[in-house]
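Right after this note come the structures.
In the two assemblies presented below, chain A is common to both, partnered first by chain B and then by chain C.
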Partner chain A sequence: MQTPFQWVMLVLGLFLTFALPFLIPSDLLNFFIKSFITITAVLGITLLTGNCGQISLGHTAFMAVGAFVGAILLNQGIPLILSLVLAGLAGGIVGLIFGLPALRIKGFYLAFATLAAFYVIQFILIHYFGGVVGHSVPPPSIFGLSFNSDFRIYYLIASTCFMMTYFTKNITRCKWGRAFIAIRDHDIAANTLGVNVYFYKLMAFFIGCFYAGVAGLLLSIYMGWASVDHYSLTNCIWYLGMIIVGGMHSMSGAYMGVFFILGIEELGIVIAPKLAELFPYLSGSMIGAIPIIFVGLVLVLFIMFEPRGLVHRWEIIKTSMRLFPFSN
Partner chain B sequence: MKKEIQTSKQVSLVADKVSLSFGKILVLNNVSFHVYEGEILSIIGPNGAGKTSLLNCLSGFYKPDSGRITYRGEEITKVPIHRRAKLGIGRTFQGLQLFPGMTVINNIMSGRHIRMETNFLQAFLHWPWVHREEISHREVVEEIIDFLEMEAIRHEVVGNLGYGLRKRVDLARALALEPKILIMDEPMAGMNMEEKEDMARFIIDIEEFKSIPIILVEHDMEVVMDISNRIMVLDWGNVIAEGKPEEIRTNPAVIKAYLGEAEEEIQHY
Partner chain C sequence: MGKILNYIIAGLANGCIYSLIAIGFVLIYKSSSILNFAQGAIVILSAFVFYSFTIQLGIPIVIAILLALAFGALLGFVIERFILDRLIGQPILAIIILTLAFSEFLKGIMNLGWGTDILSAPQLFPRGNITILNIATLDYSRIAFLVITFVLISIFAIFYNKTKIGLAMKATSDDTIAAGSVGIRVRRVFAVTWIISCITAAAGGILVTNVMGIHYKVAEIGYKAMAVALVGGLQSLPGIIIIGPVMGILEFLSAAYLDPLVDGGMRDLAPFIILLIVLIFRPSGIFGWERIERI
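After this line comes the complex of A and B, so read on.
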């Protein structure tokens, strides 16, 4: 936020977001709801993996923790905002516990340790906290305003997502953000500068999983139900794909990546039946796989041709626009 | 260039009979030395003499098998690495150990880490004072940038900089700690003549204006002889000589350690 232009764009963007439900059909609204929930979760991965360099394959499990805790709290009549915070804290604390291996191991091995975390958490949730069925989530309300339709839930989710974006910005623009990047880029050098690497790694897990917890509860509110089925490992891997496509370490990267991947997936869903008409000899399961094949292809192409993500492309365009007409 | 020191003879850092071995290889054998406040002590020696291992003991990467390291009267042999920064021990690296994803400014700002007090909640909610803290520390960083003449590259991403400049960023980052002693591991390795001269000038300036002692490991004999107040020579983990540059130059044990090629090189100056 440096120039008046940026402020105007921000206000315009916010206005547009809040006017959106009046402008678009309801199935497109569902797409945006899903996107904003995903962005909230992916912002956590941006901090944890993109900034601090700690990979986690258990992100959706931490979302499930947030969803279950939040659902139980909401059913007890706890106010929505408090439930969101507590769901976030629950996700964060569980994330911190399963982040402990990060103190000893890195990269590939850490990925596998967190993968184990995913299954452990899923097992615990199924066996001790409500089973495969899960919990129903009553439509929550703030100040008597009940979020009982997609139209209203959109506002709840969009504003939560923006709050979380603001928090991400705050974390990254002070010593905490620098410490995270220092650990990602060179943990030994960070250590000699007085960064307590263990502490900051754990805090990165806590913060990243806080986002997961909040996003998990949002998803269960949208679904009206908290069940482990909504928080699959596949989703978690897509989230990682999203930060690759968007750009690892920036918030705008999270937005771009999520909209891009989910958009392509939607597109695949629209195109698949048409392809089925064109090529009738394709089997039904083949048609169902088309969206995933699409997204996978995009991911591979990004890793090959633009590993720094859409954000980097955008920076290049911005720079050349600033230098216009002296750029090529 | 070299000035006669009036060392106040106040000791900053003492290593007392430090030994270190990896398996059966004895890397450091009862190494003892001390650094006075306000002097440049160079540690030289042939490859594999244990210079970097000694520095790594001082900054805490290796724990010595025996012996004590005392800093300003306080034993630090077993103090964790990140706490040594708080005590005022700054360090630059042999290789390029910067944060390549950050700009020059942010690299140096991360050197201010220990001086910043923003806690988690304040950071999360961006307390007004977080911003004020950033600004006040940025001012200190700007002074360092002026001091090391890096104004033009402030906003460059470190990954795009040349080798000599990166070494300078490394030094700036260490200075941002406001260290009370500076450990430099081969600050001039791989530099060209001009970059070496710049770096030598900065080292002298640091010693002069910030009056902090500097422990320097360096291979370039000309520089070492020129800027050090005292020199310590290591060979196979043993201290074989210690003294003023002119004494070291004529010391037979040193000449023997460096053998043929170095014999000429050392006597040449």
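After this line comes the complex of A and C, so read on.
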């Protein structure tokens, strides 16, 4: 946000986002709703994994916690904004608890500990909070305006997503964000420099999972139903893949990664029925398998050939455009 | 009393298979510092291939087993040659996501090729059970599990400790650069490592699906084996060979005695809870090495 041009672009972008539902057909609108929910969740991963270096394979489980708590609260008639905050807090506190191993372990051990946390949380939700059936979520309302159609939910989700983006931006450039980056680069070195590693690691988990909780509730509002099926391990893998495809450390990376991967997934969903006609002898369900194969393949290829992500590509293009006649 | 003994023996048999699969994790981790999250998918893919060879193509079981193991070896070789190349030196997150995405990709392929129904594997061992001293009843497949995994792990131990290529693997895992400078072909050793770990995965897959049925969701057994590897300590082969059966026994006991309290599902959860508890008290696993870091 340094030049007037960037301000103009920001206002234009915001205006375009809020005018979007009038311009596009409804199935494309669903794509954007899904994208904005995913971006909210992925921003949490950007903070936790991209900035603080703590890998969490339990992110969708924390989303499910937020969704369940939020659904129960909304059913009790708690106002939407309060429910969103409480859902975020619930996700954050559960994240804090399962982030405790991070104080002693890191790397593969931490990744697998969070994977274990995923299964434990899913078990608890299914057995003690009515998980397999789940909870229905009534369309919430603010000031008498009920979010009962995709068209209206889009505004709720887009504005929440932008608020969270703004929040992320501010965290990454204040003292906390710099502490996160110091821990990511070398936690022992950060400790010797006076960064309270334990406190900031736990805070990274808390904030990252706060995002997860909010995104989880948003998803369940959009679906009208909170069930553990919406928060699978596969989704968690895709979310982590998105920050790699986008570029691990930046918010624009999160946006690019989400749109790119979800776009591939949509492509898979569109192509699958046509492929099923071409290869009738394959016994599996094309519609279930093709998107997974597409996204999995794209992630593998991306990490093999461009591990620094789309943002890195974009920087190269920007630099070469600036140097135009002299670039190679 | 007899009941407990039954659970313990059943757990022991299952746990041996965890050990067998976990050997793959430890070998790969020791040689190249990569934890292969796709192991579970490889386990089940080999089982599917075995299913196709026997049921769909009608190849005799012994030959089909060998072919399925060969398929596992080929898969390991291909992964090593085409993917591992680009992974060494990458950040841990990239490794984790690549192997996880690859495993999802394989699951998608399995879904496409064999569908989502639970297929029943060809009968390897005769049905029925025997009673020992009137206290414990055992079905034949569990006994076969114990014997087969014992034989396989022994073969592997001899291979790893006595043969030339096994010793080269040991040397490479100790210090890759030093091993390279005394003339060990490190890339070939990596290839052998991946091939062996995929063969053990395939063997585990053929065994375990014989009881559980073949379904791509069974790939989660890979995560259980990974819990065994982490509890045992990622650097320690003897560690995981001990921890596997212990974990299996704890799993069956908790299923038997805790399930009534929480209405079911404890069996799939026990390894993860044990892992979380162990990691809090011993971050590098029970037999693993403490990591000493420099700044």
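Keep this in mind: the second predicted complex is superposed on the first by the 317 of 328 C-alpha atoms of A that agree within 3 Å, B and C clash if a C-alpha of one lies under 4 Å from a C-alpha of the other, contacts with A are read in each partner's own complex, and residues count from 1 in each chain.
By definition in this document, a residue touches a chain if its C-beta (ideal position, glycine included) is under 8 Å from a C-beta of that chain, and two chains touch if they have at least 3 such contacts.
Nothing here was measured: the structure is a model prediction, and the numbers come from that model.
For the composite obtained by superposing both complexes on chain A, the positions of chain B and chain C are free of clash and fit together. The three-chain arrangement built by superposing both structures on chain A places chain B and chain C 80° apart around the Cα centre of chain A, to the nearest 10.
In the superposition on chain A, contact of A:Gln6 is made with neither chain B nor chain C. In the superposed pair of complexes, A:Thr192 makes contact with chain B and with chain C alike. In the superposition on chain A, contact of A:Asn148 is made with neither chain B nor chain C. Applying the stated contact rule after C-alpha superposition, one finds that A:Met203 touches chain B and leaves chain C untouched. When chain A is checked against chain B and against chain C, the one touching more of its residues turns out to be C. In the superposed model, A:Ser320 lies in contact with neither chain B nor chain C.
In the superposition on chain A, contact of A:Ile171 is made with chain B only, not with chain C. Once the two complexes are overlaid on the shared chain, A:Met304 sits against chain C while remaining clear of chain B. Looking at the shared chain after the overlay, A:Ser26 reaches neither chain B nor chain C.
Between chain B and chain C, the smallest C-alpha to C-alpha distance in the superposed model amounts to 5 Å. Judged by the document's definition of touching, chain A residues 186, 188-189, 192 lie at the interface with chain B and also at the interface with chain C. Chain C makes touch with chain A in their complex at residues 29, 35, 83, 86-87, 90-94, 96-98, 100-102, 104-116, 223, 226-227, 230, 234, 262-263, 265, 268-269, 272-273, 275-276, 279-280, 283-284, 293, 295. Interface residues of chain B facing chain A in the complex, by the touch rule stated above, are 59-61, 81-86, 91, 93, 97-102, 106, 109-114, 116, 118, 120, 123-126, 130, 133-134, 173, 177. Within the complex formed with chain B, the chain A residues making contact are 167, 169-171, 173-176, 178-179, 181-182, 184-186, 188-197, 203, 249. Of all residues in chain A, only 49, 55, 57, 100-101, 104-105, 107-109, 111-113, 115-117, 119-120, 123, 126-127, 186, 188-189, 192, 234, 237, 240-241, 244, 248, 282-286, 288-290, 292-293, 295-297, 299-300, 303-305, 307 touch chain C in the complex they form.
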